[in-house]
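Letters A, B, C, D and E mark the chains as written, and numbering starts fresh at 1 in each.
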Amino acid sequence: GVASGAQDREDTLIVSVSDTINQLSDVGVVNPFLLGTYRTGWQFAFEPLFFYNPWWTAKVTGPAWLPGKDGVIPYLATGFRYNADYTEIEIDLRPGVSWSDGKPFTARDVAFTLEMLKASAPQLNFSFDMNLWIKRVDVVSELRARIFLNRPNPRFMMSYLLWRQDVGIPMVPEHIFKGKPATTFTNFDIDKGWPVVTGPWKLVNSTSEQKVWERRDDWWGAKTGFHRLPAPKRVVVLPLYSTDKLTQLLASNKLDATHNIPPANAKTALRKNPDLIVRARDQSKPWGWLDWWTNQLGFNCSRPPFDDPDIRMAINYALDREEIIRVGFDGDSTAALLPLPSYPSLRKFRDLARPTLESKGISTTAHLEKTNQIMESKGYRKDPKGLWAVNGKRFPIVIMCQPGFFESYLPIMVAQLRRAGFDAGYKALSTAGSMVDRGEIDAFMDGNQGAAVSDPYGELETLHGRYSAPAGKVATYPNRWKNPEYDHLVEEMGSLPPEDPRFVSAYEKAIANVVAEAPVIPLVDNYLIMPVSTKYWHGWPDESNPYCAPSLWHRTAGLVINSLEPAPRP
Amino acid sequence: MRELRAYYDTPAGTAKAVDGVTLTVDPGERFGLVGESGSGKSTIAMAAMRLLRPPARIEGGQVWVGDVDMMGASEDEVRRLRLAKVALVAQGSINALNPVARVRAQLLDGARDHGVRFNRREADSFVADLLEQVGLHAEVANSFPHQLSGGMKQRVCIAIAVCLRPEVIIADEPTSALDVVVQRQVMESLRAVQASLGAAVLLIGHDIGLMAQVVHRLGVMYAGRLVEVCGIREACREPLHPYTRLLVGSVPNLTTKEDFGGIPGLPPSLVIDQPGCPFRERCPEAMERCATEAPVLRTVRPGRQVACHLY
Amino acid sequence: MGVLMEVREVSKRFGGGVFGGRHVVGLDGVSFTVDEEHPSITTVVGESGSGKTTFARLMLGVTSPTSGEVLYRGTDIARLSKAQRKRFRRDVQVVFQDPYDVYNPFYKVDHVLKTTVARFGLARSGDASDELIEEALTAIGLRPESTLGRYPHQLSGGQRQRIMVARALLVRPALIVADEPVSMVDASMRASILRTLRRLKTDFGISVVYITHDLTTAYQVGDQMIVLYKGMVAEAGNVDSVVHDPKHPYTQLLLRSVPLPDPDAGWSGDTKPTRPRRAPGGESCAFVDRCGFAMDVCVERMPPLYRTEPHRTAACFRYEGAPVMARGELRDVLTARAEAEGG
Amino acid sequence: MSVAYILRRIGQFLIVVWVASTVNFFLPRLGPGDPVRNRLLNAQVTGGVQSEGVSEIVQAYNRQFGLDKPLVEQYLIYLWNLVHFDFGFSIASYPTRASTLIFAAIPWTLGLLLVATLVAFFIGTLLGSLAAWPRSPQWVRHLSVPVMGLSAVPYYLIGLALIYLLAVLVPVFPSSGGYSLGATPSFTLGFAVDVLSHSFMPAAAIVASSVGFWALSMRGMMITTVGEEFVNLADAKGLKANRVFVRYALRNALLPQVTHLALSIGHIVSGSIIVEVVFGYPGVGVLLFNAITGEDYFVIYGVVFIVVLAIALSTLIVDLLYPLLDPRIAYGRT
Amino acid sequence: MARSAIAPVEMWPRQIIRATVHFVRYCRRNPALAVGLVILLFLAGLGLVGRLIVNVDDSAPASVTPNLAPSLTHPFGTDGQGRDLFAALVIGLPLTLQVGFVAGAIGLGVGAVVGFVSGYVGGVLDAIVRVAVDSLLTVPALLILVTIASSIKGFISVNVIALVIASLAWMGPARTIRAQVLTLRGRGYVDIARFSGVGTVGVICRELLPNLLGYLASSFVAAVSTAVLASVGLSALGLGPQNVPTVEMMLYWAIFYGALASGAWWWWVFPGGLVLLLFLGLYFVTSGLDEVANPRRRLGT
């Protein structure tokens, strides 16, 4: 028939979230562990054991209807416990949960999911990690599972089973997956009612143009009184479009929510459509939601001249983060001096690094005199074009990045570096990732990969010297920085929970090393500006209660969707 | 044809390709027009059909076909006159047929556009008759032009020209590209058709030998003007104008080897307007008068007109 | 001996190719000799498509024969050494049939003349070269001042043909192969050019192969004549005897069809093609379907060349009594003639 | 027509397809080429899915896709697969097969570009022939000048201008996409209208920018044809102007145009990348773009193979068909 | 004509004047060429003169206040990255032309050599060239660009783009020039030249080449415009010369920053207008040169 979305628009939630532009590319795949799975709106149909809210405060942890504590929001599970040496975890499941085909959700499903991953390592997502950590999973009872780890890991739950942002292992039904070839099973067959999920949604249409989920009124949550049925009768997931198009669609209320858009577009959209709101009610900046993905300039620290910490520092001093934010982000970001996002949960660790930052004179603006001093002490002189050269030879800084996002401010950064006398330029190329990984690239833009939200360990671990490899050889993390003292400190941190005072002191020393040697140069926090439309739906996350994470492509989208209220109808 | 003038606008100036030509062709008569290459013969033919395209333009004069003046008639009238009253067998007829249409279609469309209605059978016999008239087999109708030899194509062109029984047929060098045998066949076809129609024929060429075999009267052109008009016999035996004389004299024959004459010098430019007789520079009998005064075509003897101060 | 060029039983087929397919016979087993010491003018006549141009191109080495060989001073022209080739170019010159194609439209017509002079080192200085060129142009009835400095498209077909003749003259070769050099020239001019050709032979000892379909001029300038029909020699021999006493029915037809500038000397005889009597698939006389004298044997077999007189030959069964020539002997008929005349 | 000629021509076709496929096999392999890793890195950057074991996963999948075999062996397998029209899995959308993706995208591309190309061809050809026809009205000739000028404008620009005018300033047409958000593809009038309204702007951009090209080449051909003797002679036959125009001039001038049309239809898929990306159209062009940027070898191979086939086939068809269109051309002559 | 090699010095101005007068007169007959040349000269002039009236340093990002509408200080406005658009275009226009000319020249040059050799020599070589050209025509430009851009160490510069475009641009000319050479090769004047003692190289250079000069000239202009078009296309896909403000990169940035939707019309109208003008100029020159290329229309004296 005619556009079904348009037909009953008022009952429909339309979102544009995907990794691929203009087309959804995983239309026949709803197995969350396959290589070809993208973030294309399936995650809200699966439900987590727990959510984790990095914005938690003493006042709020999640949406009002869902109690939580210290950021942890129990969902399919009600609680978990580590044993004393962090080698066992016991998880209690919520009673009354059932799959969309009516079968109950039990600890067997949890055990099956984790064991299946372990068994099919390394091809499935998370499978390598599960194989690495898990010894076995016991079904203690219908509603209790116990995970035995190979080695102590105080972060296991946070790393894998607490859903936050993009992280988190979904549970799959044993009775569907069992006996299927784990690495090719697509879990997609609309006629059979696949995917079988616990969430309140049924997939009715999946093409490269859209996925349509219809509300499942027999959802366990409504039956058990866990929560009312979600307000939208239908969720339409569209591919990602060019920001221009997203802007237009938002401006015309064709979309309720999208992927994040650049500040300038957000400005346009907000100007054109009074129904749109951003994070803060008064539209004060930043408009965006803080993401864990701190942007940083990275170096291949094994190649001259970038193996010289002084040179890296000279570059660091040349960067004016405030100007980058002002021009590149239209003021909508915050400067980052550490490879840690500015989540409240990490404030303690950020403060611990402040003395080192101050002693090094690193701030959010440029310090060209420091740059000049370092460069001159290294024997560099400015050539007639005003670029540093030694014996007439310049050294080029080719900053490699993936096309798209970084390009919005990279030219400004490049301009700053050139003003400071560096022969800088950038190269946005889709193959950047693998080239960087093989160490062929000197400098590159990236977001940090440690996914730190409550604990700096993951992030610092990526700089460990064991990931260093000679150029040409693939390395898991690209910085190839070697600092034995640092490595030792990080190893020590790994075995300790973040509350431990020994952890804190090891961290303090480790971060001082990072600041002083600048294997990466953090630049700005990442903010996700996501205007949403109140034309049809109210109850969006806002400044005062971000629920968990407001982005609809994140694992946490279900919380947002389940919390939406229909707009009052005239 | 009265005082016909046709000029070409060229970057170097205006070329007076046809400069005041007057001639009459009677019904049933075959009139030949000869002259050096570039003397304006084809231009006359095209002008008479009112087919000249820029850069050519008709500067003045009339062309009467029966009692209609082609120059004065409306565009549509002229269109209807063409083929029905005046038909043209053009120079380079080899290229005159539409390469992508069969002969049959090309024979029929002219008739159709002049209001003739056929059913299939009538059309077939119409085509077959025409082809037979020019000595071709009826199967030729189904051929494409490139499948025919030059002579056959020429004959198809003649067939097209006579299909509506015109009063006047203008044939512009219909055979100059053919060898003698084919040439002869084509000419005989033309002659036969003309005789059966009683039409007037204006045959253009530069081969006096061929003219001698075909036409009744001959006009000789030089530099855009007629210099002599007379019966063919007189032209061959006793040419009056010095140019005609030299022209006829330089035709080789097959009986005796001789030192042929030829005409020294080059034809004059048509662009530069010179006073006097255009032939004077090459004329063995040029007089002072020739340099200043252009001779006009005058009747010097019954049935003979010459443009030369000698007479 | 001094045989300049010898054409030995050359045949040329077009089309066909590796995978077979229908082919067109351009020329079929023609032999011919040009003697260096006894210059002669050989005319080749025949209807359009009879292989005249093909013959010329084969002689010049522009096309290579399908079978047979073309020898220049005893060497196959496909295998000339560099030096020999250079000499060949000097010795054998050409006037191509199509005067619209032989000019490089980029250059003024001077180019082709100057190149010739320069490449063959015909003149010592620029002035000498100019003089030479002007002389050659005047010789064929062109006014140098109104010819030089013009682009080819500014000249008439006749003028272009004549410049090509002039070019060939410049080189003063031993042989000029002229393929319809005057077809676009009107009668008066044609006469003067042919006169020049004839003078070439007598004054400079240049042999000429004159290709035309105009029998009258062929008669006027030629010493001997080859009549081609569908790629084969129909008749050959002394010009006067061929013209005045044609043996082959085709030659007779040709001669009858020549329009004479005399209204009373009308065309005679019948030209209507008779119905084809060609035996299906069989080898028959090429002319059988147009021949008034066709006999049964003409349909059954192909006639060989009969040597009707010492210097005459015709391929027609009407002369079955005369000795049959081996196909290669054709050159003897013509050479003998040249020797007889020269010696 | 000779069988030998057809065979030879088909042989040539096969050689071109083989050589082109070979080039297109090796070309993506000259780059850094680590598609699985690239895919995982993307997932990691955007999803933080993996923290450990990337290399192990990459190895496992490389084995799965046969990417760990020697290049020559991969090449032979590739050829074998091509013969069977099997392009293998899409690396980026594993375990979706490349062919699934391609065949889903092709109808969109064909629909848009084929129609746009044909429309441009008809309008352009007509305009070009009228512009060269001495008797066409003055305004036609005046009109044709700006249209031909338009051919100089990249359709990217025209596209931008159209988007700005018709989607931003006066939003009458959707700015991009194949059909309305949330619409369900079906064979109904409403959906057809929806699809048409979405294809209007990209089609308009293509038509606007290519109409001039057709007009220009047609005008050139037409001028030559009008100068031909047989057109003059058609006038001498007193034919009606329409007949002379259509049967004599147009019919002859059209032949090279038709050849060109066939060739440009062959190039449709390869030429569609930019239009589709600019207009966000869900066709093969976008698919190829994503595959190239994502180093999805098997999708690249699939799409490019189809491009190769289309182009080589269109030239083959032109060669085989042309003699039928133009009676003058005999097979094997040129 | 006087055969003296060099005219006396004092004659030069007069000769230049005469040549100019000739040229102007010629342009009157060939208005398309004149219009095209005027447009191209204007664009080239903008690049040169612009440098005098604007501070070209403002073309770098973050040099001026971003997102300003056109005003007296910033005649073309400023973009969202803080470039003065006028300055950027003054810098970028010559670069855009550079892409076009370098790629056009290389593409046509290679194409011409291949075309000439393949067409004139023929045989096996020709067959190989034909298959190669036909095959390479199917390769998507994007694939080549990504391959080349990943293989080179430095930035994607104007010259890299030009090289990529050239690597795809030679096949078309090779094809058409080969076809031209094939027809020319059979021309009578080639035979005549041979009979005048001219060798192979001489025939190619002195007989064939001059005839194709006009064609080559108009092909060159066409190649330039195709190259710019390709560069516009690559830039639209985000793969342009990323560190310099070529006109087509300005367009890319305009799209990237949503200038269409946000109403920053100056951001795309000025670069768009310049690209348009450039294409029109090239178009007119091409059609003008087509007239020149046709020797029948070329007028002597």
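Everything below uses one rule, namely that contacts are C-beta pairs under 8 Å (C-beta built on N, C-alpha and C of every residue); 3 or more make two chains touch, one makes a residue touch a chain.
Owing to the predicted nature of the structure, the values given are computational and were not obtained by experimental measurement.
Visitor: By C-alpha centroid distance to the whole-protein centroid, which chain wins?
Guide: Taking the mean of all protein C-alpha atoms as reference, the closest chain is D.
Visitor: So which has more C-beta pairs touching, A-E or C-E?
Guide: Result of the comparison of C-E and A-E: A-E.
Visitor: Of all chains present, which has the mean Cα position farthest from that of chain B?
Guide: If we average the C-alpha coordinates per chain, A ends up farthest from chain B.
Visitor: If every chain is reduced to the average of its C-alpha atoms, which one ends up farthest from chain C?
Guide: A
Visitor: If you average the CA atoms of chain B and of chain C, how many Å lie between those two points?
Guide: That pair's centroid distance is 31 Å.
Visitor: I'd like to verify one number: the distance from the centre of chain A to the centre of chain B, where each centre is the average of its C-alpha atoms, in whole angstrom.
Guide: 91
Visitor: Just curious, how far off is chain E from chain D if you go by their C-alpha centres, in Å?
Guide: 24
Visitor: For chain B and chain D, let me know how many angstrom lie between their CA-based centres, rounded off.
Guide: Between these chains, centre-to-centre, one finds 54 Å.
Visitor: Among the residues of chain A, which are close enough to touch at least two other chains?
Guide: Residue numbers touching two or more other chains: 242, 244, 248, 403, 430-431, 435.
Visitor: List the residues on chain C that touch chain B in their complex, please.
Guide: 46-48, 141-143, 146, 156-158, 184-192, 194-195, 213-217, 219-220, 243, 253-255, 257-267, 271-272
Visitor: For the complex, which residues does chain D have touching chain A?
Guide: Interface residues on chain D, with respect to chain A: 31-34, 36-61, 64, 90-96, 100-101, 104-105, 167-168, 171, 175-186, 188, 190-191, 194, 276-277, 280-282, 286-287, 290, 292-295.
Visitor: Flag every residue of chain A that touches chain D in the complex, lowest number first.
Guide: 1-6, 12, 14, 19-23, 25-29, 34-36, 38-39, 121-123, 125-126, 128-129, 132, 159, 165-167, 183-184, 186, 205, 207-210, 212, 236, 238, 241-242, 244-245, 248-249, 252, 254-255, 292-293, 402-403, 430-431, 433-435, 437-438, 440, 446-447, 449, 451, 458, 474, 476
Visitor: How about chain C: which of its residues touch chain E in the complex?
Guide: Against chain E, chain C makes touches at 60, 62, 86, 89-90, 92-94, 96, 98, 101-108, 112, 115-116, 119-120, 126, 149-151, 153-154, 164, 167.
Visitor: Quick one: which bits of chain E touch chain A in the complex? Just the residue numbers, please.
Guide: Going by the criterion above, the answer is residues 60-63, 66-67, 80-82, 146, 149-150, 153-156, 238-239, 242-243, 255-258, 260-263.
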